Amino acid sequence: MPLTSPLRGVVPPVCTPLDARGDIDTASLARLVEHLIDGGVHGLFALGSTSEVAYLTDAQRATVLETVVRAAAGRVPVLAGVIDTTTPRVLDHAARAAELGADGLVATAPFYTRTHPLEIARHFRRIRASVDLPLFAYDLPVSVHSKLSAALLRELAQDGTLAGVKDSSGDEGGLRRLIVELGGRHGRGTGPAPDFSILTGSELTVDAVLLAGVDGVVPGIGNVDPAAYVRLYEAARAGDWELAAKEQERLVELFGIVDVGPEEDMGRSSSALGSFKGALRLLGVIDNGDTAFPQIQLSEASVESIAVRLRAAGLAPVE
Amino acid sequence: MPLTSPLRGVVPPVCTPLDARGDIDTASLARLVEHLIDGGVHGLFALGSTSEVAYLTDAQRATVLETVVRAAAGRVPVLAGVIDTTTPRVLDHAARAAELGADGLVATAPFYTRTHPLEIARHFRRIRASVDLPLFAYDLPVSVHSKLSAALLRELAQDGTLAGVKDSSGDEGGLRRLIVELGGRHGRGTGPAPDFSILTGSELTVDAVLLAGVDGVVPGIGNVDPAAYVRLYEAARAGDWELAAKEQERLVELFGIVDVGPEEDMGRSSSALGSFKGALRLLGVIDNGDTAFPQIQLSEASVESIAVRLRAAGLAPVE
Amino acid sequence: MPLTSPLRGVVPPVCTPLDARGDIDTASLARLVEHLIDGGVHGLFALGSTSEVAYLTDAQRATVLETVVRAAAGRVPVLAGVIDTTTPRVLDHAARAAELGADGLVATAPFYTRTHPLEIARHFRRIRASVDLPLFAYDLPVSVHSKLSAALLRELAQDGTLAGVKDSSGDEGGLRRLIVELGGRHGRGTGPAPDFSILTGSELTVDAVLLAGVDGVVPGIGNVDPAAYVRLYEAARAGDWELAAKEQERLVELFGIVDVGPEEDMGRSSSALGSFKGALRLLGVIDNGDTAFPQIQLSEASVESIAVRLRAAGLAPVE
Amino acid sequence: MPLTSPLRGVVPPVCTPLDARGDIDTASLARLVEHLIDGGVHGLFALGSTSEVAYLTDAQRATVLETVVRAAAGRVPVLAGVIDTTTPRVLDHAARAAELGADGLVATAPFYTRTHPLEIARHFRRIRASVDLPLFAYDLPVSVHSKLSAALLRELAQDGTLAGVKDSSGDEGGLRRLIVELGGRHGRGTGPAPDFSILTGSELTVDAVLLAGVDGVVPGIGNVDPAAYVRLYEAARAGDWELAAKEQERLVELFGIVDVGPEEDMGRSSSALGSFKGALRLLGVIDNGDTAFPQIQLSEASVESIAVRLRAAGLAPVE
């Protein structure tokens, strides 16, 4: 399904269920897509960081994208992450994603290398020129260790290189400045880049960034409770900010599941990804909560505390 | 004037006007205090980063605090920054601030040194035990290069060490989690630390963080247009989030004055401080817009562009 | 040619010549290998950072390794970088490198992801268990944004996971502690990991780290003047530290070619890689000095200053 | 005693003994100075980071400097750290240090603030112009979070602002480039800044940096075993690099005392400072091993392991 322009709404980054051998569990992945579409989401983002894209081989990435596109069946658009170190490698992923039916591409700045802003601009322009799909910049300093400047985004928005940005930088002041420069909350459609879509990767301040004027949200924990993010989004669209804030507070509490893994024994990232997948298993959406190698798995005690928190949020584990 | 508990509202960090020799211009400082109180602010924060506290000798710090306390004349409470590398040095500043009539103290974690979280807790407890004034933690990783964790803040809130936090970390997701842990937007008064005040140092997302549930804001550019932040705050208090967002957008545009200094010739920090003081001079509030040594001054062309932006914001330069 | 154990000597990271279309120039690459072996080097490191591995597609990586192995023709061992974000992707590269005839593998810690030290240990152990080739850890915080601790390296050295480390962390104090823990300069052969090889990626302090007790060096600018690094190494082996220091000083001066690119227009990394390749072109070793997309190329003026510096170092450009 | 020009040799950063109440223990400090001069050191650096300068009030700093100057009694020159956030505050310390008899000053770049390189140059020039004492730049990114560039140091060396640099950046490649730019190991006396002194803060690679051409060393653990660093320095001066490396290896082993503090309960910095002071107490040089508030103290078990390591290094604890 072609993207709306600009893309708006709730677009969760789809988790990648694995079986006990570490292979893609396509049946679980299809059920997860169904769970998300049932929740009312407006799009799907496959092969992002929350999808553990950095842990998937090229063959696995293809399986994931194929499965998500088939399961979505044109009901919502599918964005595909094309995550790799530099342009030549990203172009390979982009060509493959287009073949497999992605409706849009999401690329970061180069990483591992040290790259000048002028080189980053060349990177995005080349990707856009090579594959005829809407292109989103993924601003993720925690992974790529550089920040896309507002000046660069504005330039690439205005010249049509980018269809939007997924901002996971956490720099909400900078994001607000970008929104205002592009016309502000109400003037963006008539601003210098009327179709440019601003999405946030935050899951904890969605009410606030919607008030600030973003178009959509890409919440990792939206895998677990997509309907709640849709309610939050709809409340904001209707101007009912008190209700939006109330939904957000409930989701902030649910987000506490990311802390169940003991910090001394596993990374915070493994703990967060493990808690999303653990919750999806407890809810019966996927069969196995394992994260990809070499990540360390949550203990049974940690999964138990996820179950407690799910119940507290009114989400009933199936077991 | 004693602090309300919790402290709420608009509490600008007061700029420190200097004369051409680099001495404190007390007459201008008193006029600035008047300008802020006229604007309706709910408190004043002297000797913070925006006050260039790190550039002021101990004698100058005393002059500043004395001047602000006298000019405020009990109409609003005055918080005093007690900024230094470690506890023994901070205690000297704290004792002096108490003598000079501060209504509350604001301290960062130790800096220059590398300090363990358990040591940071000892630091705040010792300050609180030594001087009988409400103590605010100033979370400012950009200057002190460590972040106060939510766990630490919660512990020091609950045991009464801290009266509040001024969050300038930019981590709005973490701030939202802290708010929810302390009872959420509507339950904080009955939560585990009912009088704990959460202030934000952001000036660009004030509507958003008020929606999230913070108590007050400490906006640097509030020196230039305090009345606008007060209008924003009152709109939020009244639940008129559309109006709050509109006021915020206007202030984001005004904030563009921080970019007038050319990056290759001066630091971003010098440029921002210089633009606030330049605007105050253009508005006739202070006599001289110079920042403290060794900062490089804005060029006349830069000051010209500040004037243009002030006019665009409906603020008329006096010249 | 199988690796000596431990690997010792000068092992330059082989640059990857590209033609004007950005494809691998295998003829130039074979000539470069000949140039290095003529210079007396003790091994070759293909597909490292200096080889622009992060810019090469999988097909190009295979072409490079095939070419280097064939050109080396068993005269010196060939190490192959297997650089990718996480274990599953690295395993694909490792299997391919083994097929293509690599004599050893070089892998970094995971990147893009945030990975716990226990997970990093699992990562190296899985690679070692999957492909039966000596494995070197590549400690490169500037690219992967984590540092391999001495404790981790010691553990993986003692249990036989690692055949060595290529230290490009710049932490020479930490490196010295590791050397001493493994038995010191003269006791390493009888220490807890007698065959463990410690290589440094530094090119500017080779005399100093050889005095400290490292086994070998992997100097990027060794592409340009391999014979000088071999002379330096031999002087150190012979205990002639004054001569070693003199050779090092000459190479430090030559290294000034990395500064010819203007910082405001291109990254430091692009400038350094471009200067190595530019020098190789001027010396007639390779046909084309271009770096991979999206890197910006050195200007003709910059290449001119490389020529001046080559002549100053007694290296005569062919043109 | 006036500084030699350039300053050369072993110049330890003098620890600051405290009594149980946290006050300066001047008797212990005088004994420590005697211990260092007995060890043959060539100068003393008071009020540096290892002296816990950031934890000392202004009154305590004066007591320390007075004590060290009196105890040194002109036998070796005394450098004084003038460590504070920005120029105006540093000038106060510098004036006081001159009054108290310091023979040279050591200043960092501004910290807490964000400061442009042009402003850092102004900072050093103003200090030099204000107090007529040789001025050393203290390059300490771990504390001040900016690095002094080689270009800046060269400029300030050549124009006479700086008498030298104490490099604690850990960037030994950059240091080597600076040495070569200033004339190299043997040409520095006739180079562009013939009297400029390059000192290193490293204690683990002293042989290596002396081979590279530095003039002197400022080793923290030199408090514990000054004679060993003097032997190392003399061996290097005599060109006996094997002996220098052997002395260095012994000191690297001794340096293991910094690891006795458990990382989860105290900072690495507190642990290192505590181990130096603990060793000095065990050796009978000072009465009390406490570090300044808010640092956490080493446990008795940790002090026990220091004693074991001292004995292993042939240093006999008095108890």
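For reference, chains read A, B, C and D in written order, and residue numbers begin at 1 within each chain.
Throughout what follows, contacts are C-beta pairs under 8 Å (C-beta built on N, C-alpha and C of every residue); 3 or more make two chains touch, one makes a residue touch a chain.
A quick note: this is a predicted structure, and the numbers were derived from the prediction, not measured.
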Using direct touches as single steps, what is the fewest number of steps from subunit B over to subunit C? 2
What is the set of chains touching both subunit A and subunit D? B, C
With chain centres defined as mean CA positions, report which chain is farthest from subunit C. B
Centre to centre, by mean C-alpha position, how many angstrom separate subunit B and subunit D? 36
Please set out, as single numbers or ranges, the residues of subunit C touching at least two other chains. none
Looking at the whole structure, which two-chain pairs count as touching? A-B, A-C, B-D, C-D
Where on subunit A is subunit B touching in the complex? 170-173, 176-177, 180, 184-185, 202-205, 207-209, 211-213, 239, 241-242, 245, 248-249, 252-253, 255
Contact footprint of subunit B on subunit D as seen in their complex: 22, 49, 54-58, 60, 83, 85-89, 92, 110-116, 118-120, 122-123, 126, 142-145, 265-270, 292-296
